[in-house]
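Mind having a look at this structure? Questions to follow.
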Amino acid sequence: MDALLFMIFAAIAVVCGINLVVQTHPISSALSLVGVMGALAALYLLLGGEFIAAAQLVVYAGAIMVLFIFVIMLLNAGTEARGRRSWAHYAGVPLLLLLFGLIACLITRRMPASENVVFGQFTKGGPLDIGRALFTTYLLPFEVTSVLILVAILGAIVLARKEID
Amino acid sequence: MPALPASVPLSWYLILSAILFSLGVAGFLFRRNIITVFMSIELMLNAVNLSFVTFSYKLKQVDGHIFSFFVMVVAAAEAAVGLAIILTVFKNRQTLEIDEVSSLKN
Amino acid sequence: MHQLWLIPLLPLAGFAINGLFGRRLAKPAINAVAVGSVLLSFLWVLKTLSALGVFGGGESVLELAYQEHYFTWIQSGSLNIGVDFAIDRLTAVMLMIVTGVGFLIHVYAVGYMAHEGGYYRFFAYLNLFMFFMLTLVLGANFLLLFVGWEGVGLCSYLLIGFYFLEKFATDAGNKAFIVNRIGDFGFSLAVFLIAMHFGSLDFTTVFGKAKDMPVESSAGWMTAIALLLFVGAAGKSAQIPLYVWLPDAMAGPTPVSALIHAATMVTAGVYMVARSSEIFLHAHGALEVVAMVGLATAFFAATMGLAQTDIKKVYAYSTVSQLGYMFLGLGSGAFSAGIFHVMTHAFFKALLFLGAGSVIHAMSGEQDLGKMGGLKKYTPITFWTLLCASVAIAGIPPFSGYHSKDAILAAAYEFAPWMYWVGVVTAGMTAFYVFRAFFLAFFGEPRWKKTHDSHGHGHEDRDAHGGHGHGEPHESPASMWVPLAVLAVGSLAGGYINIPKWLEPMFKLHEEAPGTEWLVIVSVAAGVIGIALAALFYLVSPGIPEGLARTFSTPYRWIYNKYFVDEFYDALVVNPTVDGSRSLLWRVVDAGAIDGTVNGVGKTARAVGGILKRMQSGSIRSYAAWVVLGSIIVITAINMAGGGK
Amino acid sequence: MSLLDIVLFLPLVGFLLLVFTPKGNDQLPRVMALGISLLVFVISLGLIGPFMGSTIPEGYQFVTDASWISSPPIRYHIGLDGLSLWLVLLTTLLTPIAVLVSWKSIDHRVKEFFAFLILLEFGLIGVFVSLDLFLFYVFWEIGLVPMYFLIGIWGHDRRIYAAVKFFLYTMAGSVLMLAGIIYLYNRAGTFDYVQILSQLQSGRLVLSSQAEMLLFSAFFLAFAIKVPLFPLHTWLPDAHVEAPTAGSIMLASVMLKMGTYGLVRYSVPLFPNAAHKAAPFIIGLAVIGIIYGALVALVQPNMKKLVAYSSVSHLGFVVLGVFSFTQQGLDGAVYQMLNHGISTGALFMLVGFLYERRHSLEISAYGGVATPAPNLAIVFLITTLASVGLPMLNNFVGEYLVLQGASQVNFTATVFAAVGVILSACYMLWLYQRTFYGKASESLSHHMPDLSTREWAVSVPLLLLMFWMGIYTQTFMPPISAQNARILQQYQQQQNRPQSANTPGASEVANAR
Amino acid sequence: MPANAFPTSAEYLRFLPEIILTLGGVVIMLLEAVFTNDDQRKIFGPLSIVALFAALLASISAAGDPGAAFSNMLVIDGFASFFRALVIGIGVLAILGSTGYLRQERMPGGEYHALILFSILGQCVMVSANELIMIFIGLEISSIASYVLAGYLRDDPRNNESALKYFLLGSFATAFLLYGVAWIYGLTGSTNLDQIRGALQTSAAPLVMAGAAAAFMFVGFGFKISAAPFQIWAPDVYQGAPAPVSGFLSVGPKAAAFAILLRVFMTAFGPIADRWEPMVWGCALATMMVGNFAALQQSNIKRMLAYSSIAHAGYVLVAVTAHSETGSAAAMFYLAAYAFTNLGAFAVVTYFSRKGEKYVAIDDFAGLSQRQPAMAAMLTIFLLSLIGVPLTAGFFGKFYIFKAALDANLTWLTVLGLLNSAVAAYYYLRLLVVMYFKDPGDSVENLEPAGLSLQIAVYASAFGTLLLGIFPGWVLDIATKSALK
């Protein structure tokens, strides 16, 4: 059952990922990305990450992707024009294959052997555990992240504010 | 069709992560719309998160989840700033073609 | 202390005064300083020699060299070179010649140069020359000898180029200096070898050690030293193959030719070889080389003298030839005979040049024999004195040349009979061309009358007398002819100063072998025949020379053009050096190869930069591709390094 | 605070004073520069004291040894011995001369010019008195900067090319020397020259033969470029031709000596075995340089270029002398450094005089100068004769000793080097003939005044020195000779010491960190 | 889970500089609404400098009480304190150098100063972090602020492009960094540097994977320090960004990135140094060469300085390659020396470029020495320092680095590096040539004297450059004392 679920969601993730890459209209790509995120949320659940699966849907698929789509709409972005292709376009395929091959080879050959993933084996990914960790061990990063967001807001304001001077 | 096993090895998750990461890279390399390129980066970050969560499962720790949580937050922050930057670029150039934004060069 | 330093320093003081203040001094003052300093020097030589007992004692004095030390010149490690002067018999002879003849020539020059520009400069140089020449003969070590050696070369350079507005004069000066430098190159190498092998440069030490060595020492370095010294001598004394500068040196004023290029400086080589006789005697084969070169020089220079038309050139080649004789004497082992000839030659050759100067003076600067003739009645004193000198050089008894030449030829016969015979032929030729010049100048129709006026201008600033180049030839003033007369006496009677005998303590006296009295007769006969032929060709039937020249046109052309040696040197050495340096070394090696490499490095660097900057295409996607490529490289590299563990 | 400190830092003070001099007045910087440089010269005369007299002191005089940087221990360690004494004096003498020479010819950016000139003096003195390798390197590089500006701002047409080439060439060589210095420090634990030397001599520091050779090469390259040794010489003609007169004087007279000084001070004592091994090769280059420089000088149409190539030739003698490792050779080499400083400096100065009058460096633009300017002709002639090595003038003594020393170890090289002496007469006399002899053209006569009082004032000291150093060498030679004797003694000791590195095992031990 | 869930006051003190900077930034943001634009420029400059000085004092006092803080998230050791002081100092000079620029571009000052402060805050967090998560967050704070700063003049297309390139490529590289972090977390079970080190020292540690993780992380760090082949963004970004920002970017984030690179690689990845050393060796060489050789061809001074900054990163990488105590100290000294030098150089460029950065071609500098001799002299000092002429900071920086490299037996890298520095002399000299040897052109005609704050920035940088060049001892002593093992 676990395997089947993994297969299904993994397939969805990969197909949506590929779709993201091949679609020429940003909206299609954005929707594909949402698909990937949803599939990943399901996989997180399989891995015992209850909180993170929820966050994935709320923060990522919900907030961030809405922002993306909003901007796409705002800028009225259309289908990519077929322009000239730089060398990166042609070199990209072998480069990608090399990179992927390298990573995959490392994972399959060199990663220390470990058990299979069985749903329910790991249950510490709930909000309680996360919250406890965040407010004890990870208190500082948590707080500092607020500054990070502040900076982001400030930056967005600087760049997007209506007029200068 | 061989009988489906009850569960899959951990490394399959990692491979999936690698595939998604590579797809993200591919999107960066092949897409010409700046927003799509940016979304490809988000895809890469998602792939990384999958790795974190997978490793967290393996180690039976919550730290990986925390890390991926921070990644999400950072991704959100980046999205805000990044989209703002894209907006200014669009305002100045009226285009989202990434290849058009190449006036600074030798 | 006999204050030997005064001898060279008096002329140096003269040089300093005239050199520094001469431009503001009146001519009489310049004369007084220049001539007076040499005179004082001459007198100091006399005083010193008499104090040393030379004139009174005879045999017993100066057995050993008398030496004075002033200060250390160069001190480095074990090498200690002092400023030391010494007098021995050889030096005494040279001192007398240099100061005596030098004084006469100074006096002569007062008259001769009276109308020249740069008067003070001339006398300053002349005094400087005296200083260096005296240093040369007084120096008690090889390096001090070398100081004088180079110094006289410098003065020669300056005086040859005295008329520095003329390119040929300065060219001749450069040539003299550079050819001398080639000789000095050999000399200096010899000095290095001497210091290396003897540990000192002092004459006493070096010759003392050399004396203790086995005769005809087989040590190669000894021969090397001797031959290298001889290279130096050949440069200074104009021997084959380095004689080429001397004929050109006649571009200088005539007193210079007399003093430097006849009487004193050019004999420095002879002096030096004689001085180093111990080394030559102990060097295997060196003397043979000296003799051969001397003989060859004597012979070939004589042949070249046959066809010269410039009176000074004739005498110049005769000087080369006579110097060859001296080396023949030295090489035959008769060192004293060589020195003897130095002395007599100083008399008669100085006289020849001064006489020639007087003739030129009379002809208002004309030097071409072809444009002279019939001067006998205009310049009687010059005529008679020149006759004296010509007879002397022809080797006719009892004139001085006869004595010394006879001594040399006798030694040569003993050394190798064929050398004697060549020497005799040379003597005949000498007599011929000297009298040829004599006859052409003083006898026959005056050939100068028609062209006279135009010539006065042509040589205006080259040699004397543009100012009074009009009218008939005239006798020279007293300051000129008195020295001529004194030298004539020397040429006449100088042979009776028995130099070989005087030098006997230093050089083995050359006893004439019994049964060789006929040698003298033959050589004298050769001289007489030479004179007779000259008389026949140039007095009796003047058509013969042209006929001969036509008949033997090829040899004549070779002789007339001095065997094309200058052209040969130019083509073989000078031009290749200059052209090669310019086109190969400078343009190809320096600018092309070396600088090209240097600039090439710069260009390559910039080209690499040009390639690298292409990475910067401005496109974000290609940048990302670089990042991907980089990450692949980095991951691969880090995996390679670990060795797969 | 010893006398030497004052001599060293007074120019720096002068530089700062000049920098902060108000703009606008051109005369003030000239007077200041002259005053400072003369003051330095007068004070520096006091340095001779301990070296005169019957005994030459062992070791360094006027030593100041203070900490500069604590870690790594870099010390401000300076001192003077027979080797550096005269080079310091040469520097302090030539600086006021260079100032006077530039009095009129520099008429724009006057203040900067003199400031750089005085700064240059600071760097040059520093090079000669440093006894700490690091300090030495610092001064070595400092000298580069003012010279770069002197050439670049006040030079002739291709000055930029020349300045950049000069800088890069020297830089390329010196960075490797820096690597060598650092390596030596890592091995010895100190930058102090005296200590490193004593460590090497006592055997506390043993370099493997390979390491020694590499270190020697690193130092040698820097020095050889500066000397400059064939085939690293091509920066020199360009730099000289383009530099202003004062720059040429300082460059030829003092800066080139930095290289030869380095060879004597560092290359030979620190790396005797490597020096010994490399000697035949270096002697070969030196001899090639002597002949090559002379031949190329022969055909130069440009006066300064001619003199520059003659420098290549002359300095070949110095290198030849140093690498003969004989007393005479070393004495001659050091003496020749001074001689070359005097006579070539004077030549550049005189060429500068000519240039000021006619604004051309082409020989063909001259001819017959002796007629309108006889005094200039005489001064030039004496300098020419000094340069060709006429006895009783300074160069002769140096050349003689060098060749005498070299003849004892390599007679073939001596023979070829002596050819250079012939050639020097060729190019110098030909230059003189073409410039001064002949009939002067109308335009030349009008623009060729004879020497002015100022020009006399700078010429006379140099002329006097040419004679003095040629005739009475005992004033100068004993300190040099004594120091060289020590260097040679050390060199021979090092040679005799069994070298542990020839067996691989031992070298590894020596290399172990 | 650590016992001390609640931080002690000592821990807050150790974090005080960051707190001050945060407060400073927030106060500026709040006050922004109160003042007009003109007033903002006048007030916020001094205000941020006050905040920076307060932070500096706090970090100095924190240095007196070293130790960990916040569950080992931070470690305030000498190394951290040194870099904190350095980046804060950089901030002061950067603000001084940009006041005039803001005025001339008529830009509001509030956000600018706040962003600088936040960026420095991020760098402070980075350099004192002992945990990958903190490093990541600090890096992001610094980076996001930097992205915005690079595009601060949002109506200027050059600024936009610069920001976009910086942002996209920076995020791209960060993804690689995170991927590496994920792996190292999976392999060692921790993101704490000390624990990673401990895990890697065990015999069972999967070193190949750890190496690959290190490589991924190096991509991220290499990007920030502009090490080849991840340097390509730098020229475009530096050229496009406002001049004072370029100056700031070339030293501040770079110094912090080097600090974490050193800390991560020497602490966490110390046990696998033999694996990454050859890789860093190659990167160091490639970086030096790319920087120096490409700089030979530049005609835009900002671009040239960008390449020069790449090359200098290469020199520091040589010190990283040495991965020794002296190497670490040398890198610290070098970064300090380079900070003064490069900030000074950019300050002069800022001054010279004038409104709209009109004059940024090298040839525009012709005759500067005659119109503004003092400024030209200062730029000369900076350039000589960049060349590495003795008695300037740059020389001692290079000296210490190559000394450390030779200590570590990196002979060839040393030789090649030194030769590189000789090549580099060429392009710096070219600027000197133009300034001093060429006649003044139009570009220097209407050059006003520099403003006070810029003059302070330039003279202070020059002073620092010379001070570190003549008496490098005290900084080096501090660096040596606080160097990583």
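Letters A, B, C, D and E mark the chains as written, and numbering starts fresh at 1 in each.
The rule is short, and it goes like this: a residue touches a chain if its C-beta (ideal position, glycine included) is under 8 Å from a C-beta of that chain, and two chains touch if they have at least 3 such contacts.
None of these values were measured; they are calculated from a predicted model.
Contacts with subunit A and subunit B are shared by C, E.
Farthest chain from subunit B, judged by C-alpha centroids: C. On a Cα centroid basis, the chain most remote from subunit A in this structure is C. Distance from each chain's C-alpha mean to the overall C-alpha mean is smallest for D. Per-chain CA centroids place subunit A at a distance of 30 Å from subunit E. Mean C-alpha positions place subunit B and subunit C at a centre distance of 97 Å.
Subunit C and subunit D have CA centres that are 37 Å apart.
We define each chain's centre as the mean of its Cα atoms; on that basis subunit B and subunit E are separated by 27 Å.
Multi-chain contact residues of subunit D (touching two or more other chains) are listed as 168. Multi-chain contact residues, meaning those touching two or more other chains, occur in subunit A at positions 86, 88-89, 92, 95-96, 99, 111, 133, 138, 141, 145, 148, 151-152, 155, 158-159. Under the contact definition stated at the top, the residues of subunit B that touch 2 or more other chains are 21, 24-25, 28-30, 32, 37-38, 54, 58, 61, 63, 66, 70, 74, 77-78, 81, 84-86, 88, 99, 101-106. Pairs of chains in mutual contact: A-B, A-C, A-E, B-C, B-E, C-D, C-E, D-E.
Those residues of subunit C whose C-beta lies close enough to touch subunit D in the complex are 23, 71-79, 143, 146-147, 150-151, 154, 157, 161, 164-165, 167, 170-171, 173-174, 177-178, 181-182, 184-185, 188-189, 191-193, 195-196, 577-578, 580-582, 585-586, 589-590, 594-595, 598, 602. Against subunit B, the residues of subunit A that register as touching in their complex are 1-4, 6-7, 10, 13-14, 17-18, 20-21, 23-24, 26, 29-30, 33, 36-37, 40, 43-44, 47-49, 51-52, 55-56, 59-60, 63-64, 67-68, 71-72, 74-75, 77, 80-81, 83-84, 86, 88-89, 92, 95-96, 99-100, 103-104, 107-108, 111, 114-118, 121-122, 124-125, 129-130, 133-134, 138, 141, 145, 148-149, 151-153, 155-156, 158-160. Taken in their complex, subunit E has these residues touching subunit B: 133, 136-137, 140, 144, 147-148, 151, 154-158, 160-165, 167-168, 171-172, 175, 178-179, 181-183, 185-186, 189-191, 235-237, 239-240, 294, 297-298, 303.
By the touch criterion given at the top, residues 602, 605-606, 608-610, 612-613, 615-616, 618, 620, 623-624, 626-627, 629-631, 633-635, 637-642, 644-645 of subunit C touch subunit E in their complex. Listed in rising order, the residues of subunit C touching subunit A in the complex are 617, 619, 621-622, 624-625, 628-629, 631-632, 635-636.
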